[in-house]
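The following pair of complexes shares a single chain, subunit A, combined with subunit B in the former and subunit C in the latter.
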Partner chain A sequence: MENIVQKINNLTIGFTSQKGEQISILKNISTSINKGETVGIVGESGSGKSTLALAMMGYVKHGLYTISGECLYHSNNLLDMNNRDLENIRGRKIAMIPQNAGQALTPNLKIGYQIDEALKLHTDFKKEDRDKKISELLNKVRLPSPEIMAQRYPHELSGGQQQRVAVAMALAGNPEILLLDEPTTGLDVTTQAHVLELLNVIAKDTGTSMVYVSHDLGAIARVSDRVIVMYSGEIVLDGPVRGILKNPIHPYTFGLLKSIPKLTSPGLPNSMSGSQPQPGIIKSGCSFFDRCNFAEDQCKSNTPDLEYLSDIKTSVRCFKYRDLINMKETKNDKIRSLNNNILENEILNISEVSITYAKQKFLEQLLNKTEDSNPTVKDINININKGETLALVGESGSGKSTILKSIAGLLKTKDGIIKFDKDIVLSNDLKKRDPANLRAIQLIFQNPDESLNPNHTVEEIVSQPLKLYFGLSGSELKQKIIEVLDKVRLGEFYLTRYPRQLSGGEKQRVAVARAFAAKPDIILCDEVTSALDVSVQAAVLNLLQELKEDFGTTYIFVSHDLAVVRAISDRVAVLYQGRLCEIGPSKHVYELPSHPYTEVLLGAVLEPDPDIKPKLVAEDIVEEKPPEQGCSFQGRCPRILGDICKKEVPPWQMGENGNSIRCHIKVDDLKKQQTIN
Partner chain B sequence: MFLLVIKRIFLGLITLFIVSLITFVGVEILPGDACTTYLEREAYGAALEACYERLGLNIPSYERYISWALGVFQGDFGYSLSGEMKINDVLGPRVKNSMVLASASIFIGIPIALLLGIITALWRDKLPDIIISTITIFSMTIPEFISATLLILIVAIWLEWLPGIVIVPTGASISELLPNIILPVIAISMIMTAHMARMVRSSVIQVMASDYVQMAILKGVPYWKMVFKHVLPNALLPAINVVALTIAWLLGGVVVTEVVFNYPGLGRLVIESISNRDLPVVQALAIILASIYVTINLIADLMTLILNPRLKSLQIKK
Partner chain C sequence: MENVEQKQKSIFQKVFEIIKTMASKPSGLIGLIILSFHVLLALTSPFYVPYDYKAIDPSLMLQAPSSEYWFGTDSLGRDVFTRTILGGRTALTVTFFGSLIALIWGGSLGIFCGLVGGKIDDVVMRIIDAFLSIPWILAMLLIVSLLGTTTIVLIPALGFFYGKGIVRVARAATHDVIAKDFIVSARARGHSNLSIIWNEILPNVRDAIMVEGAMRWSWMLLGFSSLSFLGFGVSPPTPDWGLMISNARGLMSFAYWAVLAPIFGLSSLIIGINLTADAFAKALGIDRSTKAPV
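Up next, the complex of A and B:
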């Protein structure tokens, strides 16, 4: 028997609704954490995974309370302990690494103070020893020059650095259990991969048990020994990572894995219909019943129990798991391939575009000085054909959204010309653009919560473009709204709903409907799926693809997620610090040889498979500004040649497969170097 | 940082200049002028001419503006109309009286407001919060002329503890004023404290719900240490600007309260000089009130800048 450090028995946590009903967020959770083990808790938003993680520290959020059950740490129930005793356990025995370190570090206190606070509380070191320990900890999480770092305020650090500080703070008390709540969500791919590797090293070195909460199966696969899958407040699957990710025996996990786009298999992933039920709605039966492809009558009336299968050391909550065990590879993935009708007809031409955020100072305006030799975005040349999907990828700060805003007219360009439909030059000034051209280019934003007016009904939202561009009114308008909503699979009864009454996926559908209502030629998609859960993301991607095939629309698709881009785009442009690095057909951009930056990005992508390790070829330094001269990627390039990269802007070279690479290294040399590793 | 202060002072001066222009032009374009008001029905012929001559109203208006503005710049507001007194002599004691009233309210009201706000936030939805919040909402909604009148009725007339209205002369010394200001201070503090306490409460609640406070709790930081180190410095930052506006409002004269209690402060002077059409005094008051607002806001902004490390380093970078 292994050594159990934490045990949760029949834990139910909930709240009392306004009607006085008791509604459970967590339902009857029982599991345990062993010494030195890393457990991944995975689930989509609203599955109760964060509530569970917080309960493991004896913390229940304002408004929630424990209905029944206990959470034992070495036979002490954390949930009925007083604050004084909890203070002795928190940070010292069980420490937390929060989701968003940027918000979890107190803004008015220096980094050093915040780590020192944990040390003061949980160790009896003297002042000098503590100072030494702070440097040691900052060193351990690989932060450069610890002494200087300790004197900084949280906002002076980059996202990855903040996350490392949070790790250092958690390690300060030398805890037995580390709880990690989505610690890498919101970080760039390369930073995420580095932080995860760091966590792996720490787990190995210190023998600490870790509980890793995430919606990202790729990250879970990298760090966990065991995985717990949660759905609607219940554990539906609990077992060793390989078994769960390779042969998922619960229909939810099965569907979830199918809905993740993968680098290795192009085309759109399968989507799962529906969404997770709101807490309190399901009274009896399996909570996954509505979305399940394997469901039968008993699933609706009877609630399945968590059943332990000793042969594969896995617990599963499903009546039909045997079907899934036996199915294994028989059912082939129905991956939808892109079927775009691309015409040899240039619809958008971006030439020599530069964009700067630098504001002219009053004096410079007087002297008519406009020179900003180092603009945020520079030398962008891209043509897009009608019916094509072009993706712009890059990490945060790569200028991908900036370019999108300039095409839409929301941001002025500094230099260069954007031409629409061969010969129409799109004005820099939104007010000077022809209404027809405004209609032709529509935007879909990242977060539908912010892009839909909360005081408008769905009908009002979708009616705006119809009234504005086509002057529709009355029954004609209503007919058209219903038609447009039907295209995005929303029924007529959605007309009177407000955005807050819709789920994340439905909201994004409304946003898509609004864009399509204008009958645009080009739709600019700005990270449209990043705020959505994986299963919903697949549905939205499929919807976008169907609409495109129906209407022949052109997409410019901005994303930081390389797998999503691989799934939906015909052509990819890779950007770093506002400069193009590589552009070409997506199939070929994702193959080596490629630009060193593309190589770095591809290496850092996490697949939901514990046997695929990321290749970390470059440091995850954050550069605030593009370099004044030379190649934009010189600061991080693992294959830097020397002075030439620092002084001269690299030339465009044709790659092997129709992709263009902007690098000083010859394509043949790149190929040799990249195949060795 | 230094440059920023200079820039802000410069902007403040421009604001004052614009305010002075607007009040001057406003007074100019109003039908009638100081002399017609003063002379009333005799405002014609030689008497009017003589009055213009005496007050210097016969010179072109821009010249008058310049000489007036220069005077103001040197701290001389000219002569008041009704009593033909120097405006400085009229304003001096009034400013002092308003300062006395305002500082008493500030020193009593603001600490109480902060305390109540913090208590209600920390014991959110529990008994102390429910009681205090009910009282604050109540005292926020009762208009000051009602609460002031009630105070006079209860404390001064029924109980006869304190004087009901202020009967000391305008130029009275502070010790003479003191017993008289107790009731006005209570009346003012009731509304001001309630407003500010609500503001502080929501600000503290917001910070208490933040990720970094949750993190501090999960780190094992003891409750009160967490409150003082992690919560309050961040929660009270936005309160600075509200406090500043309240102080400016107090210094600018709390018109209703001053009138109800017959208190000889700036607020009542505003009412009096407007009803007497004593335009030079109105002009002077506009400038004084504007400069109070400008100065106090400048101080508040600088304090926020100093206390918020985020803004501080942003400024340094620039």
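Up next, the complex of A and C:
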């Protein structure tokens, strides 16, 4: 077949452990990439997807080595080549786009110069041609005014723009294959949707084959023709995107899809139990056996092979795939609906809160000037009832975490009052807050690697709030710790473990346990699931919901992920540039009519379904500062009315379903405009 | 995760494990052997010295090494071997306690500055910078000439001058952890600064500070010997390597043994401490010589 650009045969890559055992990271991988095809490689962390992508460039990470097999690029084995020959292929024939373009670009060289370097290295153009080519490339990745852009430094660009520059650099050598390693993971939803659209267009225009590595099935669904699902270093499923996402015939993929929260089906997603086995643990049998709902005895002893089913052009590594083919969604999805007991008691009242990061200049300090007319967060009015889950949604820079920090007392507010339990005014200064009020509000952070002290055992971590607030010690303390850990489903043997000995999900459970140990009334969750794998995310969301139902805790949940928010929250507040845009019951916020910004956000959500296309209604500009006057969203609003939006702060309007929208456009008009498109 | 019951390791087990890791590499093993040899020597030498270290005998002046006087004798007829094996005692004691003091004040001030930040940090660090610009040996000479050369003066004085560098290291290490969420979390819970330092910061910066302290020890040893060499360290007739080198250097051309023996003693101890400190750093996972991953 001449169509094949890259072919991988029986590739096994691994390392030798300290005990001298050979442990495989990739096991017997065989697949091929056709010309002009976009292949998505999907898997959770530790599945070996990045190792595979790097092997496609002939690169094996330090410490790993090729045990067997080959990686052929047009019949040349990349893994056997010397560095000199590889240099001629990398960049010219196979180019890579890294995950974090901000770190991949040299900070003190201009964009134009960096692209020029790539051109010098990979093409034979003369100087004048190269200059022309730079503009052409920047145009191709849809960066505005290429000549000006070429003179900028990386830090002067936004994350999305940096990623575009990285794409432009990769395209400089006119490669045959483009490897993308989680290219949109760190980006905002709207930016992500735009970058993916761009990649689609480039794939079509240039006929480049693309290998798109990601943990995000939504992103994969947008760009790929074919999907390879990896689990524990093996390919478990390989086939056309539609078939795999619509009717996944491998139990892992089936479970994975079920664990993704979706806008279209509210309620908490099902979680998969367990976690991916560490490399080297599974000696025989199916590596998914422990977590599989369909497993039989033979799965434990016999290792399934990758079987090709010609009728659906899919390869699957499972004995039981027929059960899944025939199932066809008949199994009723037990999606948990929220069962929150919301009391009428107001537990937290945030009124007229403004927060500024602006530091006073020395002179102003002397003159005692404190005015910052344009603070980062302004005019926030939210009241939260006991037992409710309120979500704060917005892109990065929307001030959602800032508000959370102010509630916790970590950041001083400029104006406004935060009241707890109707009449207790929470002090601006953490030190002046009453210990009882500190106990009542606990925080859970995004990344458990950062929020758990690496030198403390689980016991020490959970004991901190118990010792501080309740003065427990000795056996009483230990008893209580075991009790709290039990609530988050961690057994007693976790007590002496250090965070580094735990998996991501277990670490986050410990963080949850620490927060609950204080018996708080309110828990502030700052992007608690965004550092976790999809299947783990579902488990943590379910756990949080169960704990809430048991204890009647109130959650304030910050997230950029609208689908996660849809799954867990009762009420949603949408923020843009530190200003509230819309607030209301989550069911209604996700329905039309909505604030133009909510509309933009909802349009950009990527669902793991090839039939649902994102609607890109606004440019993905990143604004540095909120506008001085008028509506905060005026710079990007697709439905802008004109001068009124630029001059006057829009009024709050009640939507028909109890959601409030802050816009100059009448709610009825909004609905009309939005339903037409 | 496998359900293995793990026992909490006692502090002795941890220390033993660290020493085992240190000894697993040749350089670490050599360092440990040299250092423990010197420590052992310093502790036990008074019990088996062959001669009196201060017995002056003009008839035995500058004898070459022989079976009777292994390292020969010095210009006053004293046995060099006796004086060499005793010569490390004062230096080792003074610098050990000196670096302990440096570690404690440098470490705590560094952590404190790193934690509070802001103006206090600025002011303290500028004062430290100002001190760093004073040549330490001049300052030491001033202190010693004002207060005398007793150990009580030398230990805190050396500890103070060598602690300045530790302040910087401790502060930098604290800055690395201070922005982490677990510190933010402790703050939000309402822990006091002292409790945050003790529970959250110290376990994470302890290793870096200890390694820095071990490195300072060897520098301080050299510094102390320099002082003795200049006549401001220990006073005669106490045997001390720096002093011995100073006394014998004029006669180096024909009585090389009197200067060679203390030089060997001093340099082997410094090499031993350096190798041990290096192995210590590696055993704790603070390797300064690691390469970039690619």
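Here is the rule we go by: the second predicted complex is superposed on the first by the 675 of 677 C-alpha atoms of A that agree within 3 Å, B and C clash if a C-alpha of one lies under 4 Å from a C-alpha of the other, contacts with A are read in each partner's own complex, and residues count from 1 in each chain.
Everything that follows uses one rule, which is that contacts are C-beta pairs under 8 Å (C-beta built on N, C-alpha and C of every residue); 3 or more make two chains touch, one makes a residue touch a chain.
The structure presented is a predicted model; accordingly, all values stated were derived computationally and were not measured.
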| item | value |
| --- | --- |
| Partner chain(s) touched by A:234 [first = subunit B, second = subunit C, both, neither] | neither |
| Which superposed partner A:447 touches (first subunit B, second subunit C, both, neither) | second |
| Partner chain(s) touched by A:83 [first = subunit B, second = subunit C, both, neither] | first |
| Which of subunit B and subunit C A:62 touches, first, second, both or neither | both |
| First, second, both or neither for A:438, with subunit B first and subunit C second | second |
| Contacts of A:465 with subunit B and subunit C, given as first, second, both or neither | second |
| Touched partner set for A:153, first subunit B, second subunit C, both or neither | first |
| Overlap of the subunit B and subunit C footprints on subunit A, listed as residue numbers | 62 |
| Touch list for subunit A against partner subunit B, complex | 54, 57, 59, 62, 83, 86-92, 95-96, 98-100, 103-109, 117-118, 121-122, 153, 155-156, 166, 169, 173 |
| Interface residues, subunit B side, partner subunit A - complex | 124, 209-223, 229-230, 233-234, 307-310, 313 |
| In the complex with subunit C, residue positions of subunit A that touch it | 62, 275, 408-410, 430, 433, 435, 438-439, 441-443, 445-447, 450-457, 460, 464-465, 468-469, 491, 493, 496-497, 501-503, 506, 514, 518 |
| Partner subunit A, residues of subunit C touching it in the complex | 1, 3-8, 180-182, 184-191, 199-200, 203-204, 293-294 |
